[in-house]
Each structure stands twice: as C-alpha cells, then as structure tokens.
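Structure first, commentary second.
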Amino acid sequence: MSTLSQTAPQAPTDSTGAQAFAGSGENPASTLSATDTARIGILTVSDRAHQGVYEDQSGPAIHATMDDYLSSPWEAVSSLVPDEPSRIREALVELADREHCCLILTTGGTGPAPRDVTPEATEAVCEKMLPGFGERMRAESLRFVPTAILSRQTAGVRGDSLIINLPGKPKAIRECLDAVFGAVPYAIDLIGGPRLETDPDVMPAFRPKAKPEDQ
Amino acid sequence: MSTLSQTAPQAPTDSTGAQAFAGSGENPASTLSATDTARIGILTVSDRAHQGVYEDQSGPAIHATMDDYLSSPWEAVSSLVPDEPSRIREALVELADREHCCLILTTGGTGPAPRDVTPEATEAVCEKMLPGFGERMRAESLRFVPTAILSRQTAGVRGDSLIINLPGKPKAIRECLDAVFGAVPYAIDLIGGPRLETDPDVMPAFRPKAKPEDQ
Amino acid sequence: MSTLSQTAPQAPTDSTGAQAFAGSGENPASTLSATDTARIGILTVSDRAHQGVYEDQSGPAIHATMDDYLSSPWEAVSSLVPDEPSRIREALVELADREHCCLILTTGGTGPAPRDVTPEATEAVCEKMLPGFGERMRAESLRFVPTAILSRQTAGVRGDSLIINLPGKPKAIRECLDAVFGAVPYAIDLIGGPRLETDPDVMPAFRPKAKPEDQ
C-alpha cells in the first residue's frame, strides 16, 4: 500500500504512516469544503527518499508550484513510493479512484535506468494516453540540457483523473510545469473535473471558446 | 455499419443512406475513370453531427482543402459515425479495404474526453504507426493554442491506405494539413498507392530523389 | 541467424560468413583489451544490400561517425540482415546479449513501406522505450526534408544495451547522430555500460552534475 497524506489542515483521511512528507506550505484555500476544493495528488517515486536516505524535495517543489499557479481552492494528497511498478500503480489507482484527485503529478523514475519505471506504471493504469505532454516537456527541457531526450515522461487519463509524469529534479519540475500547465485546467474540464482557476500573472490558463457546433 | 457516400457525380457505390453528407464541391476530375482517380476517405467522427444536432462542417472542410491542394484527379468517399470505437474501426476498415482509399482523413474524437477514441480506433486497425504526424501537427497547433498538447491525433498505415487523424475544428484541420500534407504524396508512393500531384503554389509535394542504392 | 563481423584487427569472434562488411576504417583503439573497449553494434537492415545488389554504405557511415566522435577505445560489431522482423530481432538480441554491445545503431527499415519493420522489431526486444530520440531526430531531419515525418525511428533499452534506429541514407544518418549523440554517453552510464568519452570539438558529451539527493 502506498502511504498517503492529505496536506490540508484537517486530519489526513488516509495517512497510513511512514514516509508521508510534512504538510507544510499548503494553500489556505484548502481549508474550504471538499465540494469546492480540487484535490491534487503528488506522488514522489524514489527508492532513496522512500528509504529515508534523504528528504524528498521534489514533492514539496510540486506543491509550491501549485500554490503559485492556482487561485481556486485546492488541497494536496501526497504519497511517496519506491521505484517498484506495483507500488507506483497502486498509488496512482489510490489517488485517482479512492482519493478522487482530478490531477496527479508524479516526480521521479522517468529516465532510462533499470529502476526507472514510472511511465510504464502510468500507462498501465490509464485508459488513454496524451503523448503531447511528454513531447512538449522534452522539447522544453532540451533548451537547458541535451539529455532531455532521455526522459520518458508521459501523461494519461484514468477515469476523471489526469496523470502527468514530471522529472525528479525540482528545477526541471518547474520548467516542465511552466511549459504545459496552461492546458491543464481545460483538460480537467474535458474529463469532468472541478474548474481550476489560475493566477493569470503567473500561469494563464487557456480555455478555447468552443462554439456549440465544434466537435 | 458506417454510412458511406461517394461524393463524385456518379451514383454512390455504397451509400447505405442516412447521415452521409451531400456531395457538394467535389473536384470535377473525380468524374474520370477509377483507374486514374485517387480515392480519399473522409471520416467525420462526431456524436452530435451523427445525431443530426448540427450539420457536419469538418468533413466538408477536409474536402475543400483537398480540392485546393490536389491537381491530379481524386474523389471523396465520405462517412459519418458516432464516437464509438467499433463504429470508427468498421468505417476505417471499409474505407481502406473495400473502398480502396489510398488516404483516409478522420476528423474529431482526438481529445482527452471520455468519448474521444479516434486515435485508439486508428491504432487498432493499422499495421504500423507514424508518430511523426501527430508530433508535427501538435507542434504546429501549439503556435496557435497552448491546448494543442491535449490532442492525441496520430497516423498509421493499413495495407495500402494511409490514415491520418485531424482535429474537429475546420480552422485547425487546415492548419494541421498545411503542416503535414507535403509528405503525403511520397508516403502514398511508398505504400503502393496512386501518384498524387499537387498545385505547387498551394501545397508543394516533396519527393526525395532516391538513388537506387538508397535503402 | 544474423551475420556478425567484429571489425577490429583481431579475428572476428562470431563471423558466420556471408554479407558481413569489410572491417575497414576501424578505430585503432579497438585493438585494446576488451575490458577497456566499448563494443558498438552496427546493424544494417536492407533487403538489397543483403542480396548483394549493392554494397552497404550506411553501416560504414555509422562506423566513420563513431570514429569521429569517440576518443575512448571502441570496437564495432557489424551485422547485415534483410528487412525481416525475425532476422532483425535475432540480430538485436545477438548484439545485445551475446556480443555485449552497450550501444546498437541500426540503419534502414524505418519508413512506412511494407518491408520497413525495424522500429517494430526494436520495440519487440526492448524493455523500455525512449521516445525522445525519435522525436528529436524527426525534428532535426525536418529542417532538411518535409518527409522527415514519415520516419518511424525510435530508441529503447534492452538490458544494458541502448538501441537507436537511424535512417538508411548516410547523409541523414550523420544529421540524426549529430542531433542526439550528446546524450548517449550519459544514457550508457545510466544503464550500467562503459564510460564513453568523446572529442569535445566534434561531439561534446553532456553529463548532468547530479547531486546525491537528486532522484
């Protein structure tokens, strides 16, 4: 079982204990009622952080970025698992189906090394894949490092949850989110999730003005 | 069964009736004999257009674009199906295997919404996939809208038919075709189809000058 | 069975005979002991070269490019097979598992034609795919020819071997390698292979300075 912690001020709903990172820095809006509050899963995939060799910095980096972007109420449901396919899949299913996260952001496990299996675990639990996310994030990271082509990060949809793989390094996490997040609120509209609003000065969300006859 | 209409002046060969859109705007060249005439399938995938909630505008937009591009004789074989995987697959197989379309252009059903299943249906009937089409079309659409990364459009080959997914909106259809069509005549040469000629002022076709020893 | 030839001065270890191309142009460094020497598989996939209709020029073009790039000792293990899925798969497995090549570069068979099956054969023998290579190579080739989108080339990892598909034409091979090789030495580090060093004036290798806490 994955370890989950809800980083809102109220008591965690399913914190099974060890490895969950501290709920610091949460959006004050996450104190609002669940019906108004978007739940966002943050899944850190790391053998070493899971073993306690060092403190997870990637999950908190995602949390801080969401705080920067979002102006509508949200709360994080955080989890930390080792680079094991079954553990990653279970955590994604938990965050999607039982924790009802409209968005799940993973960090780590997207490279070519033998233990890097996050993209395969993601694909295994998704009904449909969104290859444009991986393409766009790699193209963006390529502006900084030639090794960006080694990232296998992808995105997909499970039920009414959008799952996006992010890199392991906090700096690269922000670069990738900056490149794709403008499309995320509309994607969540399309899969039936809550309406996310962003701070337009930090991360303008784009919603096409669809005419009724558009398909 | 999918509903097919051949939009050439001669009587439709397999029009099973309802939902087929009117054969307006066809290329006069499509009156030539079948041996000289390339057949191009145009498959509109849309629940609402299929229900008659509004008139399909996307299929005709593809037709008009082909009229603009092509200088060699061609005729359209048009079809309209709802966003049902089995219906889309059947229509693609019909257009490829029985209607002998060298090129099949789909419109609609490429987004992340639950009913958007055109890419999966395409992959299910193709022997090989051509990921470069989706990459290029998303990169092009990204110049106009950040939500271009949500498109899951792809392309593939079934027998001697090239299948390309296009977006649902007429404006985006033209943008995507403008970005990739220059490679289509050569692709059709390679899979054994008829030689398509284009108006070089509108859409120059590129055919590499292959030396015999090139592999 | 694929035909393999080790193009180092010492006698080929597994040359089963016909079709192996001459071991010309090899890096003098390949005379060093195997423990210091990276083994690089070069697999030409071509019906016509295999039939002897013309001499393979693509394999030697890859060999010459590796000579230009690499400053650390390496030796080529070359093979030539027809465009048959089983023959390509067998050759890849041989180069990876028995010849212990850390890097396998294929040429040919990446287009949409019926006999082009190299990407499928590659995917069939790999545990994980690296879509960023294909994306990057197509984007690079697109600067030269609009038909670059027709290439289906990909890359993947089998055990401790990195497999990369390259186009069939010598000029395009060099363009593609120039676009991606900077990330290859680090990829081989990550999958447990030997340390490749490059001539920084020709092809600078990029290795991110990972902090211990990076995931």
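Think of it as A, B and C in the order they're written, each chain with its own count starting at 1.
Basically, contacts are C-beta pairs under 8 Å (C-beta built on N, C-alpha and C of every residue); 3 or more make two chains touch, one makes a residue touch a chain.
Because the structure is a prediction, the values reported are computed rather than measured.
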>> Same or different interface residues for chain B and chain C, judged by whether over half of the residue numbers are used by both?
In response: different
> To bring chain A onto chain B by a C-alpha fit, how many degrees must it turn, rounded to the nearest 5?
Replying inline: 120
> Rounded to the nearest whole Å, what is the centre-to-centre distance of chain B and chain C, using the mean of the C-alpha atoms as each centre?
Replying inline: 35
> Which residues does chain A have that touch at least 2 chains other than itself?
Replying inline: 131, 135, 139
> Mind pulling up the chain B residues that touch chain A in the complex?
Replying inline: 44-46, 48-49, 54-55, 57-58, 107-109, 111-114, 116-117, 119-120, 131, 134-135, 138-139, 142, 145-152, 168-169
> What does chain B use to touch chain C in their complex?
Replying inline: 128-133, 135-136, 139, 157, 162, 180, 182-183, 186-187, 190-192, 206-208, 212-215
